[in-house]
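Two complexes, one shared chain (subunit A), two partners (subunit B, subunit C).
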Partner chain A sequence: MNIVVCYKSALEETSMLVSSSGVDATRARHKISDYDRNAIAAGMGVATETDRVLALTFGGLEAKKTAKDVLSRGPDQVYAVIANDAASADGAATAKVLAAAIRSIGDVDLVVCGEGSSDSYAHQVGPRIAALLSMPVMSELSEFSVEGTAIKGKRTVGGVTEFLCADLPAVATVLPAAAEAPIPGLKAVLAAGKKPLTEMTLAELGLDATSLAPKTSAGPLTAVLASRKRILFPDGDASSQVAGLVGALVKEGVLR
Partner chain B sequence: MSHFLSDEQVRIRDVAREFAQVEVSPRAAEIDNKDEFPADLVRRAAELGLFGLMIPQEYGGLDAGITTTCVVLEEIGKASPSLAGMLSVQIALCPVSMNTAGTPEQKTKYLVPSASGENLMALSATEPSGMMNTAAHQTRLTPDGENYRLNGLKIFCTQGSATVYIVGGRTSVDGQEGYGAAIVEKGMPGFEVGKYENKLGWRGSNTGTLIFTDVLIPRENILGGILTGLGEVSGLGGLTGNLGHCASALGCAEGMLAKTIEYAKGRELYGQPMTALQPITYWLSEAWVKIEAARSLLYTTTRMVEEGRIDPNMIMACKVHVCETAFEVCNRLLQVWGGHGMMNDTGVHRYMRDARVDLIAEGASETMLSGIAQSILA
Partner chain C sequence: MTGALVVADTIEGGRRLITVAAGLNLPVSAVTHDPTVATGLTDYVSDVVYHLVGSSDRLHDYYSAFAGLVRDRQPDLVLIADTVPGRELAAMSAAQLDVALVSGATRLVTDGTRITATRLVYGGSFEREEQLGGLTIVTVPTELHHPAAASATTAERVTVEATADQRVTVTKRATVTRSGPDLASALAIVGVGLGLRHRDDLSLADELAGALDGAVACTRPVAEDRGWLPTERYIGISGAKITSDLYVALGISGQTQHTAGLRDVKVVVAINSDPAAPIFAAADYGIVGDLYQIVPLLIQAIEDSRHGQ
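So, the complex of A and B:
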């Protein structure tokens, strides 16, 4: 069985500069998107020794920076579709590129995606890939397994748990609960350096820059900054001061 | 520093960083407070392959070199200098001593399980009379037929709960004074570990007293053969161990600075953030400068070692400068915390206490300075 795990090189939140004027991500580092770490672990978790697990990403040149990290987590190979203006791509465009890459890889039985990326968390890519490839999709899975030629999964929504089943080939989008993402060992880190990274271009996939034209757009990032209210309750006895404090907390929505 | 690291070293650093931040940091204060050996974290470090950093690949290790090893220990030191100190013994000191002096049989027997995490190693050199003055040591290796008997007492052994110990002892060779190192395994008849010390810093490291009463040491357990004249047991491992120790001290200072910056940014004094007070900014900046200078010295020296230019003076200079800097930085930054820094709940005074240990463990600063003096005044 060939398993493709899709992942995104996302911005590392702690390396962004946050100020009242907004978020400066120009010097931010890249990392594997948080939920995609779980997706990789989930893909590895259902793979048998004879299965091949292939990791697939789409992005600018930065997409290659996380490839070795991905490979140290188990996949046999990384495919990276590199495009200069990948940053402008929305979920629809990203799914179009990844679906084309999956067709190009060929003979894929299972596609695993994180439920959403840690920077936009739009939940778009996995279901859109499934639609483009005419595969069934099972989303928001907290557990999943492959049994014979079928995939079985568990989804909990609003206090109700569903147990789902679909024939392969299929797409699964997984929550962090589906598989804990372990820290890779050093031997795996060193072995990753010897695993292949295959770059692909849009042209090789029969796509061009117009394929990336976004159908949605986002405004500039704004930051939520903590600021002190500087509200004092100096008057009255302790009980009235506490009442004032509680009233202020309710007003701010901290307490209900 | 990351400018000089290879991609591979950066990825290894990232593994150590994630381990330190996700698994070590939440446990660090507890290790210090309870003074309990963190067997779970030591086991995790072994699972991640850290034990094999300095062990040759033919014995199951990674042979990653002392620079990479120090990068790893520095990351762990940021979260728990105590754990980094313990791991330095396991990673940078003992296996190098064993690999340098050991026979192929000894390496196969002891390094392979060390790389896989089955062996926890310790090297014990200190006696009640001190560490460096081996002439005053009372522990003796006495010939017994083809084998030896070990009698004596070692104190302040980091990792008293190890499974394999390298232990130095005086002996005689054809009537002349000699020195040897015995490989002692846990459970050997006559070997027992006394009480664990209640210490200022490096708490949880099970610093113990080793008691040897007529312990039969098979000839094949003599490490590197019997030396004529007084010697010491660590060899090259003593030097790489010192560098690992420095990395843990450097991480200690960095961990303290990071916590202090976070605290200063969130703390208000006189109606303004503490970071608006110029003396505070100077203290933080000075700490940063001192840390970077110490880092530069440390990694210059690790590179020299990897290039085969092993200069004991440089390593002793590192031990003095990096460890003294770490204590100076931690002690000064504790002042930023005021009374909060004295409290167990904030948990930052452990950095200062751990850094204080670094000025003594594995060779006090003055011992290092004496060694340098002997060289530059010769």
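So, the complex of A and C:
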């Protein structure tokens, strides 16, 4: 069985600089998008020894920087679709590229994606890939397994836990709870250097940049600052701290 | 068709999305697969209620028929609840229609000609505006909006025969035990984080919530990793967004993924033993201290205050 795990190289938000003039991401580091680490672990978790796990990404040149980290987490090979303006790609474009790459790889039985990326967190690429490839999708699974030619999954919808089943080929998107993503050991890191990284271009996939133009016009990032009072009741006697707090809550009119 | 098409799997959820559409001065139609919802929404919708009739009881199984309806009726905007099935329906139909999907819009405004959506990115650390161009599907956390009042007219109801994609089957459903009032309607909410040491210590949060006549909630790891509360009880960018008057955070460090769910709370209180915890920057009032010592005193002080002592 061939399992494709999709991942994104995202900016590390803690390395982005915030100033009065805005958010500066020019020196920010790249990482494997947080939830995609769990998706990689989840894909590895359902693979048997005879299965091949292929990691797939779409990004700019920076996408290659995270490939070794991905390979040290177990996949046999990385496919990277590289395009200069990938950073501005929206969910629609990203899903088109990844779906085309999955068709090009061929004989893919299972596609695993994270629930959303750590940057845009839009929850759309996995289900969009399913629609484009005419595969069924199970999204936001907290557990999943492959049994024979079927995939089984568990997720919570409102106040109900659903147990789902579908025949392969299928797409699954997974929550972090589906698989822990430990830091790879030294042996795995060394082995990663010997695994193949295959680059693909949009032209090879029959796509052109104009068909991938974003469908909305996105503005700049702005920092979210909580406009809270930030009043701390001073150290000391816990009873007087609590009395101060309750007094403040009564004044606010939030104690009934 | 000009206006907004609201997707509803409950009457209340539909009414909350109708409020969003009304705020953009758009006439509203609605679509649902549930006959009770279809009937109920005719009192709230100004144009048409489309009732998708087919073999599935899950709205998102009708994504293809839904995409066909959107293609046929050409609304300016499609609004869907930002829930697990809502996100799935939105993404599947957006792919079939090759249109934009803006998910989890915390704000939607119009200048009369263009609609601009705001959404949180990078785990709630930043936000970004997106100006919509042409037909766009938007998912909205419905709990941020009040249910719309009845419309002056009764909408026309139109039945649409729809094929459902039932390749994914539900083999079993289990109801998650609910604890206390709904987060969407609670006026006071007590949230617990990883600073709570044992599952049994939830009784402390229950007692405080009882004194406040409120509900108990938590952070994502408490629900997902520890499984102490149902996942519908966690607050944050991927969970519930709350609008209560009061939120008391117990042993919560205050990562932006959590505090992103608190933006519409009137007063946030933090109790944490770590003075450097980021929750204090996202709180109105804070006590640096041991929650096991502070909370019993707080419960007593609230009860004393209520009894005029």
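Everything below uses one rule, namely that the second predicted complex is superposed on the first by the 224 of 256 C-alpha atoms of A that agree within 3 Å, B and C clash if a C-alpha of one lies under 4 Å from a C-alpha of the other, contacts with A are read in each partner's own complex, and residues count from 1 in each chain.
Simple rule for what comes next: a contact is a pair of C-beta atoms (placed from the backbone, for glycine too) under 8 Å apart; a residue touches a chain by one contact, two chains touch by 3 or more.
Worth saying up front: this structure is predicted, and the values here are computed from it rather than measured.
Within the superposed three-chain model, A:228 lies in touch with subunit B and with subunit C [touch as defined at top]. Within the superposed three-chain model, A:72 lies in touch with subunit B and out of touch with subunit C [touch as defined at top].
In the superposition on chain A, A:242 makes contact with subunit C only, not with subunit B. Look at A:216: by the touch rule set out above, it reaches subunit C but stays clear of subunit B. Which of subunit B and subunit C touches more residues of subunit A is settled by the count: it is C.
Legend: residue contacts after superposition of the two complexes on their common chain; A:184 is shown touching subunit B, with no touch to subunit C.
Of the two partner chains, neither subunit B nor subunit C is touched by A:61. In the superposition on chain A, the residues of subunit A touched by subunit B in one structure and by subunit C in the other are 228. Listed in rising order, the residues of subunit C touching subunit A in the complex are 63, 83-85, 87-88, 90-96, 98-104, 117, 120-134, 136, 165, 167-176, 178, 187-188, 212-213, 224-225, 230-232, 237-238, 245-246, 256, 259-260, 262-263, 266-269, 280-289, 293-294, 297-298, 301-302, 305-306.
Interface residues of subunit A, counted against subunit C in their complex, comprise 11, 13, 16, 23, 90-92, 95, 115-116, 118-132, 136-140, 142, 152, 155-167, 170, 175-177, 214-224, 226, 228-233, 235, 238-239, 241-243, 245-246, 248-250, 252-256. Against subunit B, in their complex, subunit A makes its touches with residues 68-69, 72, 183-187, 189-190, 192-193, 228. The residues of subunit B lying in touch with subunit A in their complex are 7-8, 11-12, 14-15, 18-19, 22-23, 47-50, 52-53, 62, 64, 268.
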